[in-house]
Structure formats: structure tokens, C-alpha cells
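Can you keep this structure in mind? I'll have questions shortly.
Labels A, B, C and D are assigned to the chains in the order they are written; within every chain, residues are numbered from 1.
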Amino acid sequence: MIIVLRPHTSSEQVEHIVERIEQLGFRAHLSQGELRTIIGVIGDESKLQVEPLAAIPGVEQVLPVLKPFKLASREFHAQESIVLVGRVRIGGGSLAMIAGPCAVENAEILDEIAGRVKSAGANILRGGAFKPRTSPYTFQGLGEDGLRILHDVGKVHGMPVVTEVMDPRQVEIVDRYADMFQIGARNMQNFDLLKEVGQARKPVLLKRGLSASVKDLLMSAEYILAEGNHQVVLCERGVRSFEESTRNMLDLAAVPNVKGQSHLPIIVDPSHATGRPDLIPAMARAAVAAGADGVHVEVHSCPEKALSDGPQALLPAQYAILMGDLRKLAEVFGKIIP
Amino acid sequence: MIIVLRPHTSSEQVEHIVERIEQLGFRAHLSQGELRTIIGVIGDESKLQVEPLAAIPGVEQVLPVLKPFKLASREFHAQESIVLVGRVRIGGGSLAMIAGPCAVENAEILDEIAGRVKSAGANILRGGAFKPRTSPYTFQGLGEDGLRILHDVGKVHGMPVVTEVMDPRQVEIVDRYADMFQIGARNMQNFDLLKEVGQARKPVLLKRGLSASVKDLLMSAEYILAEGNHQVVLCERGVRSFEESTRNMLDLAAVPNVKGQSHLPIIVDPSHATGRPDLIPAMARAAVAAGADGVHVEVHSCPEKALSDGPQALLPAQYAILMGDLRKLAEVFGKIIP
Amino acid sequence: MIIVLRPHTSSEQVEHIVERIEQLGFRAHLSQGELRTIIGVIGDESKLQVEPLAAIPGVEQVLPVLKPFKLASREFHAQESIVLVGRVRIGGGSLAMIAGPCAVENAEILDEIAGRVKSAGANILRGGAFKPRTSPYTFQGLGEDGLRILHDVGKVHGMPVVTEVMDPRQVEIVDRYADMFQIGARNMQNFDLLKEVGQARKPVLLKRGLSASVKDLLMSAEYILAEGNHQVVLCERGVRSFEESTRNMLDLAAVPNVKGQSHLPIIVDPSHATGRPDLIPAMARAAVAAGADGVHVEVHSCPEKALSDGPQALLPAQYAILMGDLRKLAEVFGKIIP
Amino acid sequence: MIIVLRPHTSSEQVEHIVERIEQLGFRAHLSQGELRTIIGVIGDESKLQVEPLAAIPGVEQVLPVLKPFKLASREFHAQESIVLVGRVRIGGGSLAMIAGPCAVENAEILDEIAGRVKSAGANILRGGAFKPRTSPYTFQGLGEDGLRILHDVGKVHGMPVVTEVMDPRQVEIVDRYADMFQIGARNMQNFDLLKEVGQARKPVLLKRGLSASVKDLLMSAEYILAEGNHQVVLCERGVRSFEESTRNMLDLAAVPNVKGQSHLPIIVDPSHATGRPDLIPAMARAAVAAGADGVHVEVHSCPEKALSDGPQALLPAQYAILMGDLRKLAEVFGKIIP
């Protein structure tokens, strides 16, 4: 950590700061510039907090040198991690193609959609049983019935299933039916929920929050990893911005950005990011070209009758065409779609 | 709701759309423009969802006419609501002055701070027992011990207390010790938590999320109101922006913006919004001048030793000066600080 | 245009609004809902302004139905436009590969870079002679000397050249040396400058402003088109966001988003968008996969000695590898790089 | 400046970096931590650029220590500057009350508005003659005719006038008629325009750009100051954000934020910031309470007939009520409205 002092700091102030640093078990290394004095703090930075240091009189800025996450970092684990969902490998050149409706509505519809996406090349089935909805008056999901339907339909089609968990009290029941937990964007910093899935032994799909930086996303992954669950897949799904013509702004640079700092796989969800079926295929192709470890797409056989998030779903036929493109791209970059 | 059709929509498409609207129990009112056909949907809009309509072929835009919240709206309840925390009234010209440390660290420190803020004019004591922290490696709060200390110190000083609840499973225990629940910014859309405090019978301080619009904030309040708990106080505490020199961007216009649409009281937290003690007093004064129903300020007797969020706290002496200014402002606008 | 009235609007107010609409030469079409009255305004919407209508007492919202741009729209010109820069076609399946240093520093360095990017496959040379710099104390460009060097080096290598124009008074001189004007992000809404290049007869590369929506970008293009210059190429180069680890946030969804609404070609600049050479190749690949009509990359043989924007430049060898990837992607999508 | 090296940097790399620093005329001060080596660069930082240093292999981060602006800083000029517009002092406890219509439409209307705002207490008259409009098809201002009307009406009412200049070629003519130049938000980084008004000898009202940070604003002021014009007044007028219910987001914390770093006066424009007359008074009051040196408000006697930006204007009667509140606030804080 580097501490930059204000100009004209008195020597008593400097001494007080050095004392505080040493009380905390660190060494201080002074460097007197022409206009500012700078103090290098030497020791294990992960045990140090910026805030209290910044509050010491005479301190202008506190600059952390190290990344605040450890287990998620490339420095801790140089090789790319591979996460196994059922028999589907995510990472290391193997691409997750997650598809399905926003919400599980009933077994017939889900079965039809699953059959269609599976034959198009999807390898993991998604569907929500607990739905985080902005309004208390809209469809909130089928709950355990939805989980059961999802599990059974997945089994019929030989696809592992992923579904959202919103509340720490739901972790146990979701664990019973799903092959992968999904933590939604709104819950990325629901730290009690992160700890709870961290204690489970199933892979977690962790979606980036609407105003979360890449560093925040990796810090949330750290919560799960710190509890002992190392099977975390990140998901870029757009952040909030001033651009009104799309639902969110897809930050595709997050893909190489994460890969440079972390060993965790990262996939992309162009459905929630754009909210517009006319933009989803282009963004799905871009995701694979950017190096993503998979693509998460909402597919519904009749979006206009869907109970939730209708218009951001592709039709099965559109998805099949998209998958054709993605297969070609995977080939160009030497990746496989298991 | 208004449905705008794409140019050159066929009459079959128009009929299909009208059919769908009528199936949903609404009436359709066509209006043929020169370049576009527009359909007015007549009926109880709160039962209608935008998404599935937007997915019907031929539909270009779906424009909701009514606000999506009801119980929180001025139309539902024209007069300003007053929320009672202990004996302190919030709203209707009565200002909440909430102060205290970020986290409860121990009884001595809290007692000292409580004494100082009380004598400066604060009327509600705050302090965190459960802390949402970005990093899993930093201080996470004292839990129930912290709650007990907060409760006891509040009692000694005759101040009702407010503290954050992060997990639906904590609602019961927090209810035992606190006079008001706080829902933090990161949990503003933790819908299960909202429902849980909605079933409690204590006032709730609901903080705006980092990327939540004013409408989102009111929709989250609606979740609590819909469960039967009408004692909701909103809190503007800054949103995420590109400006790096402050922790968040305080959206003070949210105060009159909320007051125009809703009967719920709204207070302002300049501590989290700015993260800088040099900016807090100016923003607190601005909040009262903008019509806020109170101000929430972090105060610590030694920010450099605080276990959490040190530098965003004022010293007790700074808080006392600020309260002097706020009293004068309250007088100018005919408000009282109980 | 649709006008939504407030609840309980008196019939006098409604009459007054209808009168105003008719005074402006439009017809009004009333539609009485249960809770709101809605007025459809029928006539040529491009002559109507939202603002004065919104100010009429009783009006709650004014919703424009049509896009505010015309000449830039697909409705005006259904087929994709092709812009010719020298002999290089941009659009219609033909990709611009624009490369070169941020600023023209001297003839030797530019000649070396031009040779390297040309042999790697670039088809247009870039280099700044007038530099918009945040600080008045940093290198501001070589001015006319820089233009002359750029022109001469382009000629030697058989590459048309593009360079930024910042001031309406520079249009004439830039026109003398360059094959394409560039309007930088900071000048996207410098309307006098837009009009001036609109009166020239050379292609314009119009970069998206740091806080411009896709609609704003198309409106700025409309300024140029309205002056009679139809050779406009748009450029997505990232917008400002809360994410601090990249210089800007690349909004790649703007590519299909623009293509759905406009016939103008759009290219992508991953150099300014990310500011990080480790992210540029992935974003360049993603741009082509998303359907962009070209890629604009800064290349410098020694970024650490560059006088401006050093670290966002690729080395010539890195650019050559990237061009290999882009050629493969172009082939997958049936595009050519002339 | 502080240079943080990547872990495991070779000693050759370190030597190379030190060499580069010394070639640039600075001294390097090494500090070997446990995990990172840090180099302090000692010398006049304002002559150093971050970018080329960041491009040297082995460099992870370059952290500037000093502020990039000089003439605008408190360190250069400790006391608050006072800017004189006609006989009106801005700064040092004296508040500018700037009011008038968005655009000058004709002499009669302007005269009426001027009379009304003057008698309410406004001390500077505003009105646009050159209008930056998003659409090329909307009213672009009266040009020199507008300037003449503004000048004459100002004279009649004894009010100095301020008006926007959009193009360096307009500086001369605006100088002839106006008492203060206004640089609009869209031109905050139109550096040629900044230099041009920097060479004039009239005060400049510099508005913050829609995506400009406080630092960017001060850097743009620096451009004007560096040309020798020291009469700069800053204006906070909102930045672009995801919040759709207001036109922009007013960043009122910019007021104390600027005052802590700079000696320049700063005023607030709640009209453009909110775009909503129901929010303007509350934000004007908050601005004065936050310590602003003035308030800039659009006033029109008939917003529904205004040729530009109608609904963001107050009516003269609303303005008079607001001025009553602002006078009371000025008194509380010991300020005067000349």
C-alpha cells in the first residue's frame, strides 16, 4: 500500500502515521519528494484496510498496490480452471451453451424447448423457479414445482440444469434438484447467499451486478471460493448505463479483462444484456470471438405467451441458426462445444 | 398501456394483437396515424405486463402509461405519511437526525459516540452489527453481540436505534433489538428480504441501490407495503457513476422527485454518498434545503481506528457544528427536529 | 406523437391542448381511458418539438413515435451505404482496417509504422496532426506539418489517410491533405464543425461521444447528411462508465443496434475504448464477429516513446497476428478486406 | 509520480525503467516491497505524462501524485477568486443570480422576462443566440440579431448579459455584445474554443460536460487560464446517468468538491440538470445551501410557446417565490445577492 501525504505535513504528523503503520504490524518506507512525502507500507497487504489509514490527519490518498482478491487471482492459480457441470466441462477450451426459457412455466413447454435447444447444440438447460421481479405484482415463479419440472426435463434430455437461487434458505432445496446454482445480478453482493452456496458442493454461475466493476465481481467470487467451493463460473450480462435503447450495456471487454486477472471461466449472457432478440445473435458471436467460455441465451417457443421476460428470448429456430455460427467460430479459435 | 406498431404492419397482425389484448381481458382502441398505428389498451394496467406484449410480431414499442407502483404512490395516498420510530416522527415537517458509527465495535466507544451525537441534537442512533463488506477478509460485524450493545446504549441515551438486516434469517433477531430495520443499498432488490421485513411490524429504512432508478426504489418499497408494513422511510445515498473523486454520486434531485410521486418520507445519507468528510456537511445542508425528511450521518470519535469505513465519518465536534447549521435551515423552512 | 394527460384533467385543459395541436397544423385524436386521456397527434412529426408540448398544463408525458433522424434512417434508405475512401470501400461486406499511430510525430516513425501495418493488411492509414488533449500542457500535435507528413507517407505506401479535424477553421486545410475527416468523440456534438464537414465533399469518420446514446450519434450524422455530404462512417469507441479498469466501456451492441436503424457503415475502435493493449485484440475480433464494417487500431513501433496515448497502441508484430485472426473471421462471415 | 512494477520484474527491466526516467530529467527512487517494486519519480510532475511510462514493459500502474491542473488549483492561489461581470461580483460571498429564457426569441418577450426576473432579484440576464441543438431540424437561434436584442434589453434593465458561444469564429462577435461568454456542456472539451475565449478579456461561464469528471472540468478551466484569462466561473449542470426520470443527474457534491481544490467560483444550473420545473426550486435551494456562488435558472413567461427547451423553464411568478427562499438562505449563510 502507498500512502501519499498532503503538502506541508508536519513531522509530528508523519511520525504519527509511521507509528500507526508499525502498530498494525507493517513496516513504513518514507520517500520525500519535492512536493509530497510518500510512504510505502511493507507487509501482507491483504490484512490491511484502506479506510482507517485514509482517515489519519495528513493523509491525502491511500493507494492499494495488490489486488484485493486472492483465491480468484491468476497469481494464486496460474492455469485456467475447468468447472464440471454434470458431464459438461466449462473452461480450458470447452464452451458451455446454456439455453432455455426465462421461467419454468410447465412441463410441456419446457420439454418442447429443451428438445429444440438440445438438438441445436445446447449442452446445459436453464429455467427459473424463483424469479426476482421488480414488481411484487408479477409472476414470481413456480418454486419447488418448477425445480422438479426442470430436473425431470433435464434428465429426459440428458442435460444438466442450472437455476437461480435468491435466498439463503432456498440453497438446500435448489441443491436437491439442480446441477448448478445461479446467483443473479441483483444478488451478486448478497454476501450471506454467497457464503451459503460457498458451503455447498455444486458449481455456481455468478452473474455480474448491474453496477458492479470487474473487481467487485471477482471479490464476490472470492466469497464463494473462501468458503471452499472452487467451482465458480462468472457471467457478464451487461451493466446499467445511460443508453436507453438496450436494456443494459454489455461490457464484453470484461471477458479478456477477467481472463487476464483470474483463472475462473467466464461466459456471456446477451439476452439480459440487450433485452432485444435482434441484437442477441451478434452479441453471442462477439462473445465467442472475445474468448468467452460459453454463451447463455434465453429461448422460448412463444415469447408472446411467456410469463416473464418474453421479448428477450430467441425462437428455437433462431437459436439453431445462431448455434451454427457459434460452431464455426469455435472451430476458428480451436474451441469445442461438448 | 399504449402499443405502437411497426410501419407497414399487415391487418392480420393488427387483428392478432387486438385478439391477444382482448384474451387478456382488456379493450383495444385503435388509432391509425399516417405512418404508424397505435393501440390504446384500456383496463387495469397493473395486471398487464409489458414484456409479452412487446414480443408480439408487429409491435415496435409498448409504453406503460401508469406508474407500476400503487401503494407507494401519491394517487393512492395523497397526504405525506409520517413514520414513527420510537417516539421520533419522520415526515410531515419533522426531521430524523440519524447518527452513529458505521459498525458497532464495543459498548464503550458506542456509548461515547451516542452521548456526543445526542447532545448535538441527533434523535436516532445507528450502528451496524451485520456488515456487508466487499471483501470476505474484512470485519463482518459483531452479530448478536453488536445488536445487544446497540439496544442497550440506545436505551441509556433515550434514543431509538436502527441497524442493517442483510439476510431474511436475521429479521427475527434484529426485530428483537432494533426500533427500525435498515435495508442496505446492496439489498434493495433482495426481494425475499423485502417480503420478510414487510411481514414485520417495525419501520424500515430502505436505501436506494447503487444502480437503482427512483422508480426501482419505489417498486422495492411497494414490496414491503404490499406485505402490510406501511412504515417505510426511503433513503437517497448516492448511485454509481463515472466520477471517481467521490465514492458515489448523490442524486439529491431524488428528494423532490420522490415527494412528487409518493407519500413516503425520504432522508439523505451524505456519508456513504460522498465517502469524504470534507463534503458531508455541505451535502447534509443541501439535503435539508432540498426538502429531505432527515439526514443520516456517520459519526466516530476516532475514524482512523474504526474497524470499517473510517474516513467517511465526521468527528463528534464536526457533527455538532453541522447540527447547528441544520437547525437554522429547519427553521427557515418551518420544520422541526424532534 | 402521443400526449398522455394527467389524471383529472379538466375538459377546458383538454380543449386548450387540442387547440394548440391544431394551431401547429396537426390533427388530434382523443382516446379516453379509465384513468388517463391520451391524445394521438397526427401529421409530420419531424416538424414537431416535444418540449413546448410538454410544458402545456395538464400534460404528463409526450412520447415521440418516430425516430428523430431521417436521412440516416433505414426507412429513408433501405440498403446499406458504401463509403469510398480513396479506393477502399467501407460497408456492404467490405471491411476498413484503419491503423497507425495516435499522433504523427515525424516522417521516419510514421513511414516505418505505415510499412508494417500495410504489410499486415491495413488498408487506411491514420495519424493525428491536431490532438485534443485534456491538459493544455501536453503535446498538441504538429499541425500542418503533421498533415503533410501523413499525406506523403500515405502516398508512398498507397494508403488513403484519415486524420482528426477539431475546429471548423481547420476543415479547409485538412481537406487539402486527407482522404477522410475524423470527428473525435469530444466533438461529436460540435454542431458547427459537423455542418462544416457536411459542406465538404470527403468522407467523414464520426466517433461516438463519451456520453452519447446511439440515437445522439445518428442525430449528429444527420447534421452532416443534411448539409449534403452522404459519406459518413460511424465509429463506436466506448462510452464513459463506472468501470475503472478500462479507459471506457466498449458498447459493442451499438453495432447491430445502428445497423437495424441506419444504412450507414459502422466500425469499432478498441484502442480508445479499452486503453489497454492486452484487451484490444479480443475486442477487435469481437467487433468483426458482431458485424462491424471495420476496425480502427492504434499501432506504434515504440509506445513507450510515443508523444501521446502510448499504452493503448499495439506493436506492429501484435497487429500482424491480430490481422491474421480478423482475416479468418472475415472469411467465416463472407466479408472481404480490400 | 509513482510507478508500480509487475511481480517478478527482472533487474534489467528495472534498470531500463530507471534509465528512461533519468533520460526525461527526473530522479528515480526505488522501494522494494515483498511482492512489488515501487519507483517514486521525483521532479516537476506537470512535465511528465502517464501514458508513455505505462507502456514500458514491466510497469503495472502509473499513479500521478499531483493534480494535473495548476493555475486553477488552491495551491497556486489560496484565496477564493472573485469574478466581475459588469458590476456584479461572483464569489467571495456574493451570489450570481442568472436568469432568462433558453433562447432569445424577440425583443418583446425578452424585455418582459428581463423586467420580471430583475424585479424578483436576478442580477445577470441570460439568453441564447446560438443554440446547440441535437437535431439539425430544430430552431438554431437568431444569431447576431439575438445578440443585439440581448445586449439592448440588458442595457435597458441595467443587467449584464451572458450568452453561449459555440464556435471559435463566433468569439469576436459575441465579445461585442455580451458581458460574459458561456461555454456549453457539449463544448467543455472543445479545446480550440477554450483557447479562443482564453485570449478574450471577458469573464467565461464554463459548464461541466455531460460525462466530464470534476477533474476534467478543472482541466478545461486550466486551458482558459493558461491563455491569460483568469475570469472563469464554473457551472455544475448535471451529468448523464441511467436515471431516466430527470434529464441529467445534478452532482451537487461537485460544489464543495471544486471549492476544496480550486479558487474558482462555481454556480449551479438546476434547469438543465433536471429538465423539470417541479424539481428546479428544490435544487436551487440545495445549491445555495451547498455553498454555490450562484444559481442559473431558465425563466420564460410562456414555456409552452418557447422555441426551445420549454418545459425546463420556470414562470416569472415561480421564480419570484424561489428568489424569496434563496434570499433567506443567503442570509443564513452570510452571503449577499448584489
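One rule holds in what follows: a contact is a pair of C-beta atoms (placed from the backbone, for glycine too) under 8 Å apart; a residue touches a chain by one contact, two chains touch by 3 or more.
For clarity, every value in this text was computed on a predicted model and none was experimentally measured.
Farthest from subunit C in terms of Cα centroid separation is B. By residue number, more than half of the contact pairs of B-C reappear in one of the listed pairs A-D, C-D or A-C, namely A-D. One simple way to say how far apart two chains are is to compare their mean CA positions; for subunit A and subunit D this gives 38 Å. Mean C-alpha position of subunit A lies 26 Å from that of subunit B. Separation between the centroids of subunit B and subunit D, computed from CA atoms only, is 31 Å. The set of subunit B residues that touch two or more partner chains comprises 211, 239-242, 244.
Within the complex, the subunit D residues that touch subunit A are 2, 4, 7, 29, 31, 33-36, 38, 40, 42-45, 61, 63, 65-66, 75, 240-242, 244.
Contacts from subunit D toward subunit C in the complex involve residues 20, 46-47, 49, 51-57, 68-69, 132-138, 166-169, 186-187, 189-193, 195, 209-211, 216, 219, 222-223, 226, 239-240, 303-313.
Those residues of subunit C that touch subunit A in the complex are listed here as 211, 213-215, 239, 241-246, 249-257, 260, 273-274, 278-279, 282-283, 285-291, 325, 328-329, 332.
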